[in-house]
Amino acid sequence: MDNILNQIGIENYIFLSVVLFCIGIFGVLYRRNAIIVFMSIEIMLNAVNLLFVAFSTYHQDAQGQVFVFFSMAVAAAEVAVGLAILVSIFRNLGSISIDNLKNLKG
Amino acid sequence: MIHIPDFANATTVQVIFCFLAFITVITAFLTIFSRNPIHSAIYLVICFFSIAGHYLLLNAQFLAIVHIIVYSGAIMILFLFTIMLMNLNERHQVHKPRITRLGAIVSFCLIVIVLITIFINSKPIVGDYDSTGEDFQSIKVLGKILLNEYMVPFEFASILLLVAMIGTVLLSKKEKLNK
Amino acid sequence: MNTLIAITGLGIFCLLFEILNFRKGIIPFTILGLLGVLALNFCEFGSTESYYNNMITVSKFSTSFSSLFIILTIFLVALSHNFYENHPTKISDFVAIKIFLLAGGVAMVSFGNLAMFFLGIEILSIALYVLAASERLNLKSNEAGMKYFLMGSFASGIILFGICLIYGAMGSFDVVEISEYSLSAELPIWFPIGMVLVTIGMLFKIAAVPFHFWAPDVYQGSPALTTALMSTLAKVVAIATLFKLISGLNFIPSLENQDHLHTFENIIVFISIASMTVGNIMALRQVNVKRMLAFSGISHAGFMLMTFLTVATSAGVLLYYTAAYALAGIAAFSVILYVCKNQDDEDIANFHGLGKTNPLLAAILTASLLSMAGIPIFSGFFAKLFLFNQTIQTGHIALVIVAVINSIISVGYYFKLILAMYSKEPNQERTGKPFLIYAVAIISIALNVALGLFPSLVLDLLN
Amino acid sequence: MEMDTNLALLLVLTPFLGFLINVFFGKSLGKTVSGAIGTVAVAISFIVSVLLFNQITSTGKAIEVTLFDWIQISNLKINLGFLLDQLSVLWLLFVTGIGSLIHLYSISYMHDDENIHKFFSYLNLFIFFMITLVIGSNLLVLFIGWEGVGLCSYLLIGFWHKNQDYNDAAKKAFIMNRIGDLGLLIGIFLLGYYCNTLDYKLMYESIHYRATLSDESFTIIPLAALCLFIGACGKSAQIPLYTWLPDAMAGPTPVSALIHAATMVTAGIFMVTRLNFVFDLAHDVQNVIAIIGAITSLVAATIGLVQTDIKKVLAYSTVSQLGLMFLALGFGAYEVAVFHVITHAFFKACLFLGSGSVIHGLHGEQDMRKMGGLRKAMPITFWTMMISSLAISGVPFFSGFFSKDEILMTAFHHSIPLYVVGSVASIMTAFYMFRLMFLTFFKEFRGTEEQKHHLHESGSLITIPLIILAILATFGGLISLPGNSWLNEYLAPLFTKAAGEEHHLGTTEYTLMGVAVVGGLLGILIAYIKYFKQDNVPESDENITGVAKVLYNKYYVDEAYNAIFVQPINALSKFFRDYIETGLSALVFGLGKVTNKIAFQGRRLQSGSIGLYLFVFVLGMCAIISYIFLAQ
Amino acid sequence: MNVSTILIILLIGAFATYFSGDKLASKVALLFSLAALGCSIVLLNNYNAGENISLINAWIAQPKISFALNADGLGLAMVLLSAALTPVIIFSSFGNDYKNSKAFYGLILFMAFAMTGTFLASDGLLYYIFWELALIPIYFIALIWGNGDAEERRKAVVKFFIYTLAGSLFMLTAFIYLSQKANGSFLIEDLYKVQLSACEQFWIFLAFFLAYAIKIPIIPFHTWQANVYQKAPTVGTMLLSGIMLKMGLYSVIRWQLPIAPLAAKEYMYIFIALGIAGVIYGSIVALRQNDLKKLLAYSSLAHVGLIAAGSYTLTLDGLRGAVLQMIAHGFVVVGLFFAAEVIFRRFETREIAQLGGIRTQSPKFTSMFLILVLASVALPGTFNFVGEFTVLYSLSQINIWFAVLGGTTIILGAYYMLRMFQHVMLGETNSKVFADVTLNEGISFAVIIAVLLFFGFYPKPITDLITPSLETILQVINKN
């Protein structure tokens, strides 16, 4: 089977995932809604996952894809914990804007 | 160097790639820009689907399925569930100070430019990509690798999930305070 | 490897104990178990082996750092008894999370594959997020957890991206393979970028400037025991891992091949100087002790980063420095835990007159602060000495001078606390002498002094 | 040799023992016993001195005693050692002799003071240091004595320590002495540098050896001589360091007699004489000494003209006489100076003790305007003081006549202007001494009725020393008669030059003598006219005007010194304390403050906003990556 | 006897004192300090018998740091100073009632331990450790048992600590740099052998200078001194001025000069000038001090300035004079501060303006105080004269103007000391009652005065003790 990268080029995947990654970063910086920030972080992780798979194809090596499983597990765990924290904040504060989290400073 | 897709002579694969890439980027942006968190979530789901499309394109079917199941199926549901739970909608949208937006845009541009420039400046990959022809990404192979070579990390990931589980319980469990 | 398994098993036993309604036994059992693990770890010392397809490699480096982590965890678990007195139903969770966190840490210093590294750091991070936010009714704790979680997962993303690029360059996650490839002349630029990204992610974890902002807020907001954990165990784990990454993947020689070494060193020097300076200067005006120690931790991160200029030879120094720092930190935090037990915050005013009401603990806190400030006979001094010695050997005299100036500044705030203890009138009665807190404080400071008197014990482990 | 060491130690240590006994047990011993111990201690020293004197005169050889190494310095070794030669033994004789008399006198004089044992202990200590000064075999031992007598002077001036004015006077004396001491010390350094020794004998040899080499470093010698002279100025109250001596009269009168007239103040002359071989090689310095001596004698005499305090008059007289001695020293006529030292010691001690007797009789009154007519009440005091006044005025055949005449004669041979100055000073001396006599002893008593009622002659312990001293003042001149000087012969071995060119008693000499006698008589006459015939009494303080006021206020020298030295130093001190210290301190604190300021500002960056934190995070990341990978 | 015995005695003493409880503490401390004194005398005997009193134990392998102690004449002299003063200081405090005295006396002994170690250490790093260790106890002593306004005291003490620490950290850097040059060894012999370029020597000299100039202190690094002296309890002040300052001066001779001889020679004049400037400045500032202890602090500044100037002459006389003067000053300054304390115990003030008229009430005390004052102004016959004379002599050999300017100390010193004496002791009887000195106080004074007077006339034992080691050091200085 032909390597699909011969048609697309690994660079393009890199650019795509870099852009996606940066969009994730942008989202984190841009939004104040904690949920959206979580989502942005998910975008970042997905960008990396995409690149993992691309590199996996590039090297014709399955390890990259295996790593994606771990990455997914991590993402899931993070989201779970993150949302748990978020919920408790929401309970205490009634808001999930991270701008309201400025009690600790100085 | 960057390939300027030659749309005239584009192969199907290239067209699909461009299409998927476009969808991915746009939906990612829309996720961020949507005022309604539920819309964001939905755009994100689309984004995940397009990424799954990329996986399929790269012939990683198993991964694509898992991806959809985990992200779209589990994680996004979790998100949506939380959003619903909190009854969030536009009303909760706080006004973003301009300086924040400006800062975000600046840093976005900056990091994209920096990273892209570095990758452009780097030595291009010349020649054909290897193709061993071996099957390296079927479920069978993945399973073997995951449970042979990567057995320890696999087990370790369970610890990770266990921690997350305990943690979530810890954070949510009410307790009798006996001071 | 056995260590890791044993630790994990211990964590699960903790959970089982809760189910079996054997709550009272958890802490003693855990401590005993950890001591056993420590012994096990000692047995492994000296052997260099890799397990399970090179997923875990046991080396002197990993075993000695693991021992340090285990010791720190023992202290932290011991302190849990009093700290979670009011949360009997959750104690097993707390202890178990700490044990798993330790497992993550051990995995991080003994990884043979980047997957283990990544999973380790995630276990560590997630456990910390949870612990930071664990006072669910306390908004500060929530805020700390949220801040740490957001920034931490952001940093995790960056680390992941870095790992991905490394994989892209090398086609492997295996440390041995990567380190072999990294010496070859033809390397895609992905590898150094990946390494830099991973390094940045780790710099975040060790709270180096400019990635340090989370630390003060999170340290302040978290429950005190979590702060203790973050400032001692987590920081030490992170720096050790970063060290192992950079040395284990032959990053330095590969940079040298590509003429990037100089710039990389400059970055390290800059970050080191910036961390010390920012940390120390910011700490001067703090009134919250935990926050102050956070900034102090930032400055210590700067000091520890100095070892990265001499990766080949400075593993011993790093171990010594981290041990000295962490032991002093444990001692300091055990006193803080005692003093601020029923206080709303850790304001310095709480420490007023401690020298009169509780001279022993005051002396211990003083000693630990002196150690952090680098006053002789405490191991902190020797740590700095060896560090400066190493650094001067590479010719970075300017860095050492900045470090010296920073040591001077640091005395300013460490002594603020000492002054508060000894020269102000006590403003509250303190009763009770919790055995475990005393024991931890005394043992840790004794270990600290012992390290000071016999530095070779630790220093020569890795030379 | 053993014998000599023991003798020397006996000489030195007896007064010291007296000191110790009086310090530790004086109070319990009782006033008389403590006084007796003090006196006996000094008397023993006197006897030893006489023995030593006999030995020296018979053998003609100096006795050297070395006790032990004292201070080690690489190129010089300083012993604690004694040199008993003609000069030192001569000095010892009158120091211990007069010292004994004054101790005796003090027993009675100080009898009413509760701290008499302390007084005697200080006096004994003084004698101890004075002996050390005199018999030291090197400059540093001399320096021990030199500073030691300064200390005793300080202690005794401030003996009545409840009065802060007296304490001020004591302090002033000590500090002015110390200014001189610094000069002396520097002189010692220079000599040490030049000679590599401080031992008199070795120094002598070294200087003479090196003088023949005439190398460049020889310029050190004049410099050293000058510095030594500054030291002498301090101790012997010469311009510009003389102002302490009149103030020193705050001390009890025996102290004034012993320390500030007879012995300590002559230490400068002793030192110059001792180091004559140094001064002989520095002619410029000798000229300076002569000029300063002459000026001092004149200035002090003019001030003495108008003083009303009986002791102040004597003090200025002392300064004036010391000036004359330095005049002689300046001409290299050491033996003449020594001669005058001795005669002066006799008559000035007598005068002081006499004045003490008067003050004692008047219960502490010192102002001559409130005296008068004491002749009848205190005949012995009167007569002894009269004899001494005649001696100091240079009336023929009293001791002062010979010694003063020799000085003036020497001056005449060297420098007419200085001779004139010296002569004028002598005339003035005669005037103010008799002014003192007339105001004190003649006419009617001007004091209160109560005082008048209690007027009486002092006891025998006071009068006996007076009588002895008066006899000495009368016949002391015999030791160096013009043309046939025993003293000159006796001292000859000390001097390199043929001991002062023997003046042939020719016409010039006799003329000079005549002039001096006439001048002296003239002074007495004027005093007689003014204070006996015309019955003038000096105005009270407010009414003094014109030149007299300037003189009465001592040319305002104290005020000038105060304005030129003391005030600026105090102002400087204040300035340093208030500004420099604070400034330096602020500088150090400032560093801390600046750091704190930065910290304070820095806290604003730590705003608590996750957005900001991440923004900086990303920027930092960009910067690092671009620095490594783009900045090539 | 092993040289480390004295250190062990003091260290054990420190702990024993702490555990002996508040009542016994002072006595136990005195006992141990006397034991240390005895031990140092035995060491002295051994040394005089020609024994080589040194000890080298490997301690840390990499970098090579040894537990190396060596007592040569100079070191022994300083150890003796410290060992002799410590009991005197402890004994002098018997009249005071300190809170938590077990800690107080324990800290004193600990400080004595560290200072003795500083004098004995012959390994650069060991020396540094002792040097720093000595700082901690005095910090606490001044902080906790000090007097005056708490806030002011806190400021002064912290400034002192940070300032001195700052200086010594630069010294540490210099040591590390030196050890690199000496193949990783910190041993003093190896450091002596290091060949350094002029530039390196300059920087190292400067680094050392910073440490010592602050500790000694030499102007303009003295700003901590007066305040700390004033604020610290008198025992602390005595320790500081009597022994700790000498650590700096000793170190100049032992470490700074032989290690960077070229720089020492090159910049000799500047450093001598600084020392002498300290003499004049200190004396002048002392003139207008109202606080007795502050005045003594400035007088101390003046004296140590002269000692420093003597050390920097690099001549045998200068060094010898400096050491003699160090010892003499150590005793006299302890005596003077003790006198200030004796007054304070009775009048509760040190304001000179509020004192006066003590002489009529306690002639005994007056006499002893006067002797100390006179010793302080270097009256011949006191030990201080021997030192001061030797130093001034050495200065005069370098340049006579140094001696002239340095010699102003004998004028200005007399001025401020006598002025102080006059206003504190003399004058009309004070309205407050001044109880006569107690036996304990008297003994302390007597010991100090006896030492001052004995060595004033017979300094030979000390001179003989220190001269050979100073000659050795000079050889090192002049080796190239």
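When the chains are written out, they are named A, B, C, D and E in that same order, and each has its own residue count from 1.
Please note the rule applied: contacts are C-beta pairs under 8 Å (C-beta built on N, C-alpha and C of every residue); 3 or more make two chains touch, one makes a residue touch a chain.
Computed from a predicted structure; not experimentally measured.
K.L.:
Would you pick out the chains that touch chain A and also touch chain E?
P.N.:
Chains in contact with chain A as well as chain E: C, D.
K.L.:
Which chains contact both chain C and chain D?
P.N.:
Touches both chain C and chain D: A, B, E.
K.L.:
Looking at every pair of chains, which has the largest contact count?
P.N.:
Counting C-beta pairs in contact for each chain pair, the top pair is A-B.
K.L.:
Taking each chain's centre as the average of its Cα atoms, which chain lies closest to the overall Cα centroid?
P.N.:
Measuring from the global C-alpha mean, the nearest chain centre belongs to E.
K.L.:
Chain A to chain B: how many Å between their CA centres?
P.N.:
The answer is 5 Å.
K.L.:
Whole-Å distance, chain B centre to chain C centre, using C-alpha means?
P.N.:
31
K.L.:
Based only on mean CA positions, could you tell me how far chain A sits from chain D in angstrom?
P.N.:
Here chain A and chain D have centroids separated by 98 Å.
K.L.:
Averaging over Cα atoms per chain, report the distance between chain C and chain E in Å.
P.N.:
42
K.L.:
On chain E, where are the residues touching two or more other chains?
P.N.:
If we look for residues of chain E contacting two or more partner chains, we find 162.
K.L.:
Considering chain D alone, which of its residues make contact with at least two other chains?
P.N.:
Answer for chain D, listing residues that touch two or more other chains: 592, 603, 606, 608, 610-612, 614-615, 618-619, 621, 625, 629.
K.L.:
Chain B: which residues touch two or more other chains?
P.N.:
Only 100, 103-104, 107, 111, 115, 118-119, 121, 125, 149-150, 153, 157, 160, 163-164, 167-168, 171-172 qualify.
K.L.:
Which of the chains touch, listed as pairs?
P.N.:
So, checking each combination of chains, I get A-B, A-C, A-D, B-C, B-D, C-D, C-E, D-E as the touching pairs.
K.L.:
Mind listing the chain A positions that touch chain B in their complex?
P.N.:
1-12, 14-16, 18-20, 22-27, 29-33, 35-36, 38-40, 42-43, 46, 49-50, 53-54, 56-63, 65-66, 68-70, 72-81, 83-88, 90, 95-97, 99
K.L.:
Considering only the defined contacts, which chain D positions touch chain B in the complex?
P.N.:
Residues 611-612, 615, 618-619, 621-622, 625-626, 629-630.
K.L.:
In their complex, what parts of chain B are in touch with chain D?
P.N.:
Within the complex, chain B contacts chain D at residues 100, 103-104, 107, 110-111, 114-115, 117-118, 121.
K.L.:
For the complex, which residues does chain C have touching chain A?
P.N.:
Going by the criterion above, the answer is residues 114-115, 118-119, 122, 126, 129-130, 133, 136-137, 139-140, 142-147, 149-150, 153-154, 156-157, 160-161, 163-165, 167-168, 171-173, 216-218, 220-221, 286, 291.
K.L.:
Which stretch or stretches of chain B touch chain C in the complex?
P.N.:
Residue positions touching the partner: 115, 118-119, 121-123, 125, 148-153, 156-157, 159-160, 162-164, 166-173, 175-179.
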